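Common to both upcoming complexes is chain A, partnered first by chain B, then by chain C.
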Partner chain A sequence: MSKTSSGTLYRGREGMWSWVGHRVTGVVIFLFLLVHVLDTALVRVDASAYDAVIATYKNPLMALGETALVAAILFHAFNGLRLILVDFWKQGTKYQRQLLWGVIGVWVVVFAGFAIRHLSLAFGGH
Partner chain B sequence: MSTELPEPASKIELKPGVGGGGEIPTFNITLRVRRYTPESTADAYWEDFKLTMYGTDRVLDALHKVKWEHDGSLSFRRSCAHGVCGSDAMRINGRNRLACKTLLKDLDTSKPITVEAIKGLPLEKDLIVDMEPFFQSYREIMPFLINDGHEPSGERYQSAADHAKFEDTTKCILCAACTSSCPVFWTDGQYFGPAAIVNAHRFIFDSRDDAGDMRLEILNDKEGVWRCRTTFNCTEACPRGIQVTQAIAEVKQAILSRTV
Partner chain C sequence: MSAEIAAPRSQRIDPKYVRGPKSRSSFEMLAWLFMRLSGVVLVVLIFGHLIANLLTGTGINALSFGFVAGKWASPIWQFWDLALLWLAMLHGTNGVRTIINDYAEKHATRAWLKGVLYVSTIFIIVLGSLVIFTFDPCVVNSPLPQC
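The block that comes next holds the complex of A and B.
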C-alpha cells in the first residue's frame, strides 16, 4: 500500500490544519515536560548538579526556545478549549471556523504580550 | 439605389462555423491522473493528458474523453454520472470530490488538474479502490429499521419535528468521500469512519427505531466516535452537503447522555 498510495498531500482546510497544529504542539509540550521532569528530579539526586544544569538554561538560545514553548502551549490550550466547544456546545460545529479565528486572535495578543516581556528581560540586560 | 428594402425582422448575423454545440466555449486542460497498473508496473505514477473540453464539462467527462479517445486502459468507477449513485468519489486537486459533480470551469485550468484515488482504502487499479472495508463498517452499525412493536396496519407516523432530527443524515449516497478524507481513517483502518457514523445517526435519531442504544454501544467502541479528532475534512468533502462532523458530535453527546 505504501508505494501505491503516495500522491499529493490532502488539501484540508482550517479544521485539518488546526488539528495538525494541535498534535504537533501537544507532542512538543510532552517532550518538554519529559525533559523538565528529569531535570527537576535531579535536585533530589544532586543539588549542585541541578544548579549547574539550570545555569546552562540562562542563555539567549534558551530564551528563544522558551518563547517557542510558550507559543506552543498557548496555541494548544486555546485551541483545546475550541475543541471542547466543538464537541459539546450545540453550535460548536457550525462556528468552528470563527472559533479558530478567535483562538488565533487571542493567541496573537497573549503571545505578543509574553514575548515582548520575556525577550526584553532576556536580551535587554535588566 | 434609392429604393430601400426593409430588413427582415429575424435576420441574425452568424459567423461561419457557429451553430449547434459551437456556442459553448472550449478550453484546453491538462488532466494529471495518478495511474496504478499492477500488472505492468509496481509503483503508481502520474500521467498527463492534454484535452480540449467544453465549458459545460465535468471532470468525469474529461476521464471519459481519455478512456474513449486516448487510453482505454484507464480505470475508474462511475454509474449514474449525476451525483446519485456515489461511485466516483476521487481526489481532485487534493480534495475528495465526485468527478460527476465537479465542473472543469470551476477549477484552475491554467494548471494541471490532478486526479487520484481516494486515500485509506486498498488501491486496486488507477482510480479504483477496494470498498469492502468501508461497507463492512457500514454493515456493522445495522443500517436498517429495527422495531420491536406490533406491525402497523398502515404507515409508521412521525412528526415533522421528529423527522427533522435526522433529515440531514438520510441524504448519504455512500460515496466514501468523507471516510477517505479522514486523517484518522488513513492511519487506522479499523476506525468506523464518518460514513458509518452518519448512517448510524440516521437510525439512532429516528423515533420509529428501537435499536438506538445498541448502535450507540457499537459506536462507543475504541474504534468508534471517540476516534474523531474534528478535522472537518469529512464535512468539507461530502457531496450531499451533510453536516458530518455535526452528526458525529450529536452521536458523541448521545452516548454520554443516553437520552434517545
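The block that comes next holds the complex of A and C.
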C-alpha cells in the first residue's frame, strides 16, 4: 500500500473511517465486558462488596464514562446493522454511503436522548 | 486520477467471475455468518439491558444487590443475561481474533495472543454462567428481609 497515496475510492474516505470506528468501538466494548462480568461476579461473593462497587458507578465522573460507553455501543450497533444490510440487501452496496449518513443521523438522535436522561438521573436532577 | 471503476462484480467482470477452489473447511464462512446473526440479536439484548438498568425508574441510582436479586428472581431475565453473556463474548472474541490476525504478523505472536484471548473468553463465560445459575439471594451480607 502506498504511503503517499492522495486518496482512493476507499482510503481516507467515509468507508475507511466507519471501519476504523467499528473496530475501535468493538474492542472497547469487549474490554468493558470482561471487567463488567468480573464485577458482577461479586454478587455471588458478598452483597455489600457488590453494592460498594456499584456505588462507584454512580458518581458523576463514572456517569460520563458510561455515557461514552453507550455512545460507542450505539455506533457499533447501528453501523453493524448497516454492514449487515450491505451484505444481505440487494441494493445495500449501492446505498452504503446513504446508509452511513442514516447511521450517523439515528446515532445522534438516540445518543442525545440517552445522554439527557442518563446524565440528569446521575447528576440528581430528575 | 479519476479512473472509471465499475462496481465489483458488475458489467464485464460479472459473467466471468469464478470462485477459487473450494476450501476444505467452512469455519470462516460460519464465523462470518455468526457475526451477523449474533449482531442482530445483540441489538435487542443490549438495548433491553440498558433500558432496564439505566433508563427506567431512577436509572443507575436504583442499581444494587437487591435490584439484581429482583431481576434474577425471574427466569426471563436469567435467560436474557445468559444469552447476552454468551453471544456478546463469542461475538467479541471472534471480532478480536480477526483483529489479531490482521495486525500480529509473526506466527508465534499470533498464537500467543489468541491463546490468551481464548483462555480469557472461556474463563469469563464459565464464571458469568455460574454466577447466574448459582445466584443466592441470601449470600454473605445480604440486605434482603427474608434472609
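What we mean here is this: the second predicted complex is superposed on the first by the 112 of 126 C-alpha atoms of A that agree within 3 Å, B and C clash if a C-alpha of one lies under 4 Å from a C-alpha of the other, contacts with A are read in each partner's own complex, and residues count from 1 in each chain.
Assume a residue touches a chain if its C-beta (ideal position, glycine included) is under 8 Å from a C-beta of that chain, and two chains touch if they have at least 3 such contacts.
Please read these numbers as outputs of a predicted model, since none were measured by experiment.
**Q** Determine, under the contact definition given at the top, whether A:26 touches first (chain B), second (chain C), both, or neither.
**A** Second partner only, chain C.
**Q** Can A:37 be said to touch chain B (first), chain C (second), both, or neither?
**A** second
**Q** What is the contact status of A:60 with respect to chain B (first) and chain C (second): first, second, both, or neither?
**A** After superposing on A, A:60 lies clear of both chain B and chain C.
**Q** So which one touches more of the residues on chain A, chain B or chain C?
**A** More residues of chain A are touched by C.
**Q** Going by the contact rule set out at the top, does A:48 touch chain B (first), chain C (second), both, or neither?
**A** Only chain C is touched by A:48; chain B is not.
**Q** Looking at A:105, would you say it contacts chain B, chain C, both, or neither? Reply first, second, both or neither.
**A** After superposing on A, A:105 lies clear of both chain B and chain C.
**Q** Between chain B (first) and chain C (second), which does A:93 come into contact with in this model arrangement: first, second, both, or neither?
**A** Both partners.
**Q** For A:11, decide between first (touching chain B), second (touching chain C), both and neither.
**A** A:11: touches chain B, not chain C.
**Q** State which residues of chain A lie in both footprints, the one left by chain B and the one left by chain C.
**A** Correct list for chain A: 6-7, 9, 83, 87-88, 93-94.
**Q** Can you list the residues on chain A that touch chain B in the complex?
**A** 1, 3-16, 19, 83, 86-88, 92-94, 96
**Q** So in the complex, which bits of chain B are touching chain A?
**A** 34, 36, 38, 42-44, 91, 93-95, 114, 116-117, 119-120, 122-123, 181, 183, 229-233, 235-236, 243, 245-246, 249, 252-253
**Q** Given the complex with chain A, which residues does chain C contribute to the contact?
**A** Residues of chain C touching chain A: 1, 5, 7-8, 36, 39-40, 42-43, 46-47, 50, 54-55, 58-61, 63-65, 68, 85, 88-89, 92-93, 95-96, 99, 120, 124, 127-128, 130-131, 134-136, 139-143.
**Q** Going by the contact rule set out above, which residues of chain A touch chain C in the complex?
**A** Interface residues on the chain A side: 6-7, 9, 23, 26-27, 29-30, 33-34, 37-38, 40-41, 43-51, 54, 57-58, 63, 66, 70, 73, 77, 80-81, 83-84, 87-88, 93-94, 114, 117-118, 121-122, 126.
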